[in-house]
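Consider the two complexes below, in which subunit A is the common component and subunit B and subunit C are the respective partners.
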Partner chain A sequence: MAETDRSENERVARLRATVVRELPNVDFVLGYARGFDPLHATPITVRNEQDAERLIFDATCVENLATSLYGLRGKRMGLVVKGCDSRSVVQLLQEKLVDRENLVIFGLPCDGVLDLAKVRVRTDIAEVRGAEFTGEEVRLLLPDGEKVLPRRDVLADKCLRCRYPNPVVYNHMIGAERTPQGEEDAYADLESFEKLSAQERFDFWKRQMSRCIRCYACRNACPLCVCKHVCLADSRDPHWLSAEANLQEKWLFQVMHALHLAGRCTECGECQRSCPMGIPILLLKRKMNRELKEIFNYEAGVDPEAVPPLHTFQMEEDKIKDRGQLW
Partner chain B sequence: MVARFLADEAVAAQAAAWAQDYRLLAPVREGQAVVYRPWAPDMHPFLGRPPSSSAKQALLPQTEDLLTYTYRKDHTDLTRTEVFLAEPLPPEPTLVLGCRPCDARGRKLLDRVFLERGVKDPLYAAKRANTFFITLACERMENTCFCHWTGGGPTSEEGSDVMLFAVSGGFVARALTKTGEKLAAALPEATPSALQELEAKLASPVEPGPVPDLRAAPERFLALFDDLDFWTDQSARCLSCGVCTYLCPTCSCFNITDENFGLKGKRLRTWDTCMSALYTLEGSGHNPRVSRAHRLRNRVGHKFCYHPREFPAPDGARQPEVSCTGCGRCIKSCPVAVDIRRIVLDILEKGENK
Partner chain C sequence: MRIGVMVCHCGNNIAATVDVEAVAAAAREFPDVVYATDHMYACSDPGQKTLEQTIRDLKLDGVVVASCSPRMHELTFRRAVERAGLNRYMFEMANIREHVAWISLDRKRNTQKATDLVRMAVEKLRVDRPLTAKSFDVQKRVLIVGGGVAGIQAALDCADGGLDVVLVERKSSIGGIMSKLDKTFPTVDCSVCVLGPKMVDAGQNPRITLHMLSEVEEVSGYVGNFEVKVRKHTTYVDWTKCTGCGACEEKCPSRKVPDAFNENVSLTTAIGIPFPQATPKRATINAEHCLRLTKGKCGVCEKICPTGAIDYDLKDEVVTEKVGAIIAATGLNLFDHRKCGEYGAGRYPDVVTSLAYERMLSASGPTAGHIKRPSDGAEPKTVVFIACVGSRDRSLGRPYCSNFCCMYTAKQAILTRDHIPDSKAYVFYMDIRANGKGYEEFVRRAQEEYGVEYVRGRVAQVYPKDGKLIVRGTDTLLGQQVEVPADLVVLAVGVEAAKGAPELAEKLRISYDAYGFFMESHPKLRPVETNTVGVFLAGACQGPKDIPASVAQASAAAGKVLALLSKDKLESDPQIAQVATNRCIGCGKCERTCPFGAIRMRELRDGSKRAEVVETVCQGCGICSVTCPVRAIQLQHFTDSQLLAEVNALCRIWDETTES
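So, the complex of A and B:
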């Protein structure tokens, strides 16, 4: 067994033991268990030692469990988080949407998670039988033999630019802290997209959004989209959106989602990952975040004490020069 | 009926030929998804893997007009308003190319709801009578596939008009209905070697995994109905989104809304999802299915308990009729990997001792 495997196994054992120790203090712990195949993890509620034995942590643990926090507020619960997930917790704390006292956070420094879409492009995983993860590789056991992929090629984009592999808020840090590998986000994807003409960009979104089935997985997977079913996408009175499945309705929701997340979105990417139609909606949120970075030099979900820029105002903003028009 | 042959390189041209007589829906690759699109001259039907969305949309579209209406004010007496209604046009004959057996079998379960419950849904009936399926038999079962639990299989013919079987260089086409024969008539006969290859393939079918005995599922589901801890744990992962229900070939729930634009408007039928809190939200503000646990319970219960109780299988049947064809889309596309098979197995196991 490789060195990394051994230390990772020890880490999961530590996670299980730590969770079991905390069980008397919480109603349950939300963590990851193996899903329906070796490339899928699924969230579980851990209530006893037997449940804790099912806990895992590896590159398949893609889900951001902080998404459940707001819906379960009021409960005393434990939560397993990666670095990126912990930023969602920070944002929820800043907005006073969850109580820190009710949370026991198990923070796991993370080496990056898989983007299954990237794996699928490289090999057919519909019948995958086994998966192993080392520091450099993803080894897949497929019906017709083993397939080895370089780990970097199949990590989620957010992991390649991750500067917070270590949870920024936690009760228990489980595992050695990782050295951040990502560089300052240059928004290269956005840059190249914005080189297209307005018409080309509109055509792109028209094509992409025409697949949308209005399932609102993007909204419900978002840890900060806390309106859920009182969302204005569902409201009949006032009647913002019609029930029609046309571009206008679908697009209006996405624009709204992006605007409501300006300065709040930590780019966990759950909206895009959850889309069954593979629509690249994270791009819209990245656009907002880049603006926020430029105007307010602000990054969401890093400092629990910070006030998000759109939650406050200053009489004189450094980079907003429209005051003369107002009075 | 002789077996026909559809060569790989003839698929696009043949689709174009069929599209002259039918509104043709065929799967195409778009980004990470494979979706059904109406035929277009530059279309390249993609038959390589099961489509992300189900063929249900041919019979029950995401939205459809039930009627359009116009109000007209009486200018001599402004308290009077007349309403003029217009019915939608009759549906075009539709051909679905490249669905899988689990999709085609979904027709039967949709019929149960829309045609066999005493009231016939005229819109559905019109579409149903005019929609045909050219189904591609599966050569393997993916990790999410469980058609064999529900009485189907990778080569099930139920609900299809033509079956395609992949062989080298193309597909052997077998017509199963009168319309199927008409559709396949334009194709050349299959060569003996293609037929031989097919026979050899069919002689060694995929070996599906074990099948649980689902006959006890309805009773055990009801035994667990009030065990909210069980359902809370099952639904701890659920996001309450509509992926599972909208991609399902058998989910049939819909909403009806009037979309007003001044003095004109239309009445729409739209897919609805029991995973949404709004689904059961009552006018009073009360919601009988207040949590994700309640809602997930309903989805599983409908498919594996209420449906088999409403449509009991004949005596001596090995499995009940469930409202599921085992296509596995709800598992594969679920953002948090909720596995309905696991839930059913847990029901069978934990419901026994209740």
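So, the complex of A and C:
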């Protein structure tokens, strides 16, 4: 365990050194620094060596920094990514929304990040004075002593089924590659949800959507929500959504968000993580992704060279037979 | 805005199940509607006059007509609106016939739904904008795909009308299936004797360019300005030098090549001319069987050719033709009889297809017109014909009738009795379909004058026994099993779409049905047009058709092309995609998804890119519009705002009724 610590410390040192080496080539580097408490990391803009000393990397680095990419396009920048974050970068590259030449990517193989909601039910986060992460455990330093949590109990769901712990696109790979821990995604959550009757599912979403406060945190946290100033939720011409806070408008917005991500969503989970109301909106996106996998055998954000199935036109798809029964 | 609404009775078509007066009364309450009325026939002359007069009298800005499908009368009303001085796109149609009156008898709910549809149309009209068509020059040339009798007829008619014609044929001679036939029904005249003169005309007409052994590779452009890439497969013979003397064919040592023209009944050589009347009469090398091309040795034809036309190094050539219109006349394929194992097809040599039998009957065929069984060359004394092989058979996925098999079977039975007077002919059939001019009389002649035995029933099995083929089936009229010992069994194979028809349809951007037959624009009123303007249909590519019907449709298609290309300029449809350049982020997704290549990226002065629509190429399908992440592309006349206005008109109603 001490060994893990040491190697992780060495890794952060290497990250800092590599970032410093690349600084002359970029305007700045986006990375993680320690946040307001030991369980939070915060994004920082590294412009000089002093900034670089603040860089960290551990299980608290939950944010997907690729979310900032589209807004900062045109700048020459460095970006620290985990495996899952790198898939967002791939998707943005495929869609030509960012230029690869302007990017220096620092890829960090990842062992999974915390789901603070899971920690919160086990302990009072505000009391935590320090945290240590090892391969199997999360050790929290509390005023009345140490509390040890099994790591798998507090990892984010997406990490438990992660197939891409290693960045799929990078300039510098920092740290040894991880073996994927997740199984092939069986969409167990969807399966059990779809066992409910139509009325039960309808009631479920009605209940969930009625809690939405239309803060648009989900949209703003999404690395692929690139409409920004012309988002349909804000548009007055066409006037798709009114400002009313009723169920219909809230629900329609979430459906739009899910449909706009069809074939694009890499399931980084930022939408659901950022939702202050804890609405399980990732489920909608996972539904779309499963369809995509079944129909096109495609997974978004894995291969920078791949053409996403909804971004091309083909007369005949393998699984959609249009040419009639004789062919 | 001042909107007028006219609700049509369509005689009793709509009025019987929709309270049209109530719909009109409801429409008067809709925003901006200043006038609403009902009319017995809105499309009639008085209906249109009323419409025009009302527009002028009440100074209307737009009109909604609630009547039939826009596919029927949208153009009629757009013209009427235009005559009254409005832009033709300031018009909306609510389909309350096909979408309401014809599908439900519930008068109350029909009236409610019709009112909803009118409300949607009014709301859309309120955000409609005038659109203006642009005009462009046209190419006065036509491309015809397929050189069968339909293609030839269409080519001759178009050329007569003064158009230059490009005729593309997959085989090395024009003539198609008709050139393979011995006789035609119901006149029993020599097929190639009536077709021959037309083939010669087509071959010699200076306005007609023939591309033989050729296939359409790519079609781009639009009505009036199609650009078609044609791949000309090489013949390895320089046709400018070949005289069709046939010396090469005589000397070719590769003599075991299945003769496709003779339906593989006989063998032929690796170089040759498929049949005496072939047009153009030029030799072609079959690369699969040529010894020089497969093994590198031989070269006999090169030495023997008196004009030095043979060139083994010739390569495929791709030519680009610019044409204003295209006629698809790709004809048909025959059902693969081997799929019917119960008839022993493919297993017993003496079970043959009708077209193979036709070649045996032909004086220029492999047996010089003498009927011989393939197995031992003996003259068959009992010939059994089985009808509907691969037709009207749901278990084979071919539920349709192939149209002409009944007739050619009667003809072949008659010819059998003519050729071998002491023979017996049996026909197993389901029903006799003889609905053309002189057809019924012809079948009667076969039965009465020629004594052909017609057995109504299906054949269960064909099996060999003592040198004969036992045909076992039911006679449903007698209600008993029958067994006929036959010397030869002829399968009246049905019709399939030509091989590659769906792929060609996709290149031409026309629709096809589940069986690969091309779809006409309207089964009754637009039988030769497709839904792609400038592409027309002729012959069996549209559905099983006999020769007279194919020829008639070919002339009809030619007439349509001549009418279309009689104008010097055509108008483009303004209902196309438009890019809001200030919104476009230049991601290029629209360019990648456009099926028509109608979008290109334009570079601005600052080096950034923006999408641009090539207006004449855009077909208005709207794929780019839904792909655009920032909604920068809008389909004119179907913008987000316009569609949303319709949705809101409908959903507001939903709210009020369901919440209470």
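Heads up, the rule we're going with is that the second predicted complex is superposed on the first by the 319 of 327 C-alpha atoms of A that agree within 3 Å, B and C clash if a C-alpha of one lies under 4 Å from a C-alpha of the other, contacts with A are read in each partner's own complex, and residues count from 1 in each chain.
Rule of thumb we're sticking to: contacts are C-beta pairs under 8 Å (C-beta built on N, C-alpha and C of every residue); 3 or more make two chains touch, one makes a residue touch a chain.
Given the structure is predicted, the values throughout are model-derived calculations rather than measurements.
In the superposition on chain A, A:186 contacts neither subunit B nor subunit C.
Looking at the shared chain after the overlay, A:312 reaches subunit C, while subunit B stays out of its contact range.
Once the two complexes are overlaid on the shared chain, A:217 sits against subunit B while remaining clear of subunit C.
When both complexes are overlaid on chain A, the residue A:17 reaches neither subunit B nor subunit C. In the superposition on chain A, contact is made by A:37 with subunit B only, not with subunit C. Looking at the shared chain after the overlay, A:148 reaches neither subunit B nor subunit C. In the superposed three-chain model, the partner touching more residues of subunit A is B, compared with the other of subunit B and subunit C.
By the touch criterion stated above, A:45 is placed in contact with subunit B alone, subunit C being left untouched.
In the superposition on chain A, A:237 contacts subunit C only, with no contact to subunit B. Interface residues of subunit B, counted against subunit A in their complex, comprise 30-33, 35, 49, 52-53, 62-63, 140-144, 232-233, 236-237, 239-243, 246-247, 255, 257, 259, 268, 270-271, 273, 276-278, 281, 292, 331, 333, 335-339, 341-342. Looking at the complex, you find that subunit C touches subunit A at residues 397, 496-497, 502, 506, 512-516, 583, 585-589, 592-595, 623, 627, 629-632, 639-641, 643-644.
Against subunit C, the residues of subunit A that register as touching in their complex are 95-97, 226-227, 230, 232, 235, 237-240, 260, 307, 310-313, 315, 323-327. By the touch criterion given at the top, residues 28, 30, 35-37, 40-45, 47, 63, 67-68, 71, 117, 120, 126-128, 207-208, 211, 213-217, 219-221, 228-229, 234, 236, 242-245, 270, 273-274, 276-280 of subunit A touch subunit B in their complex.
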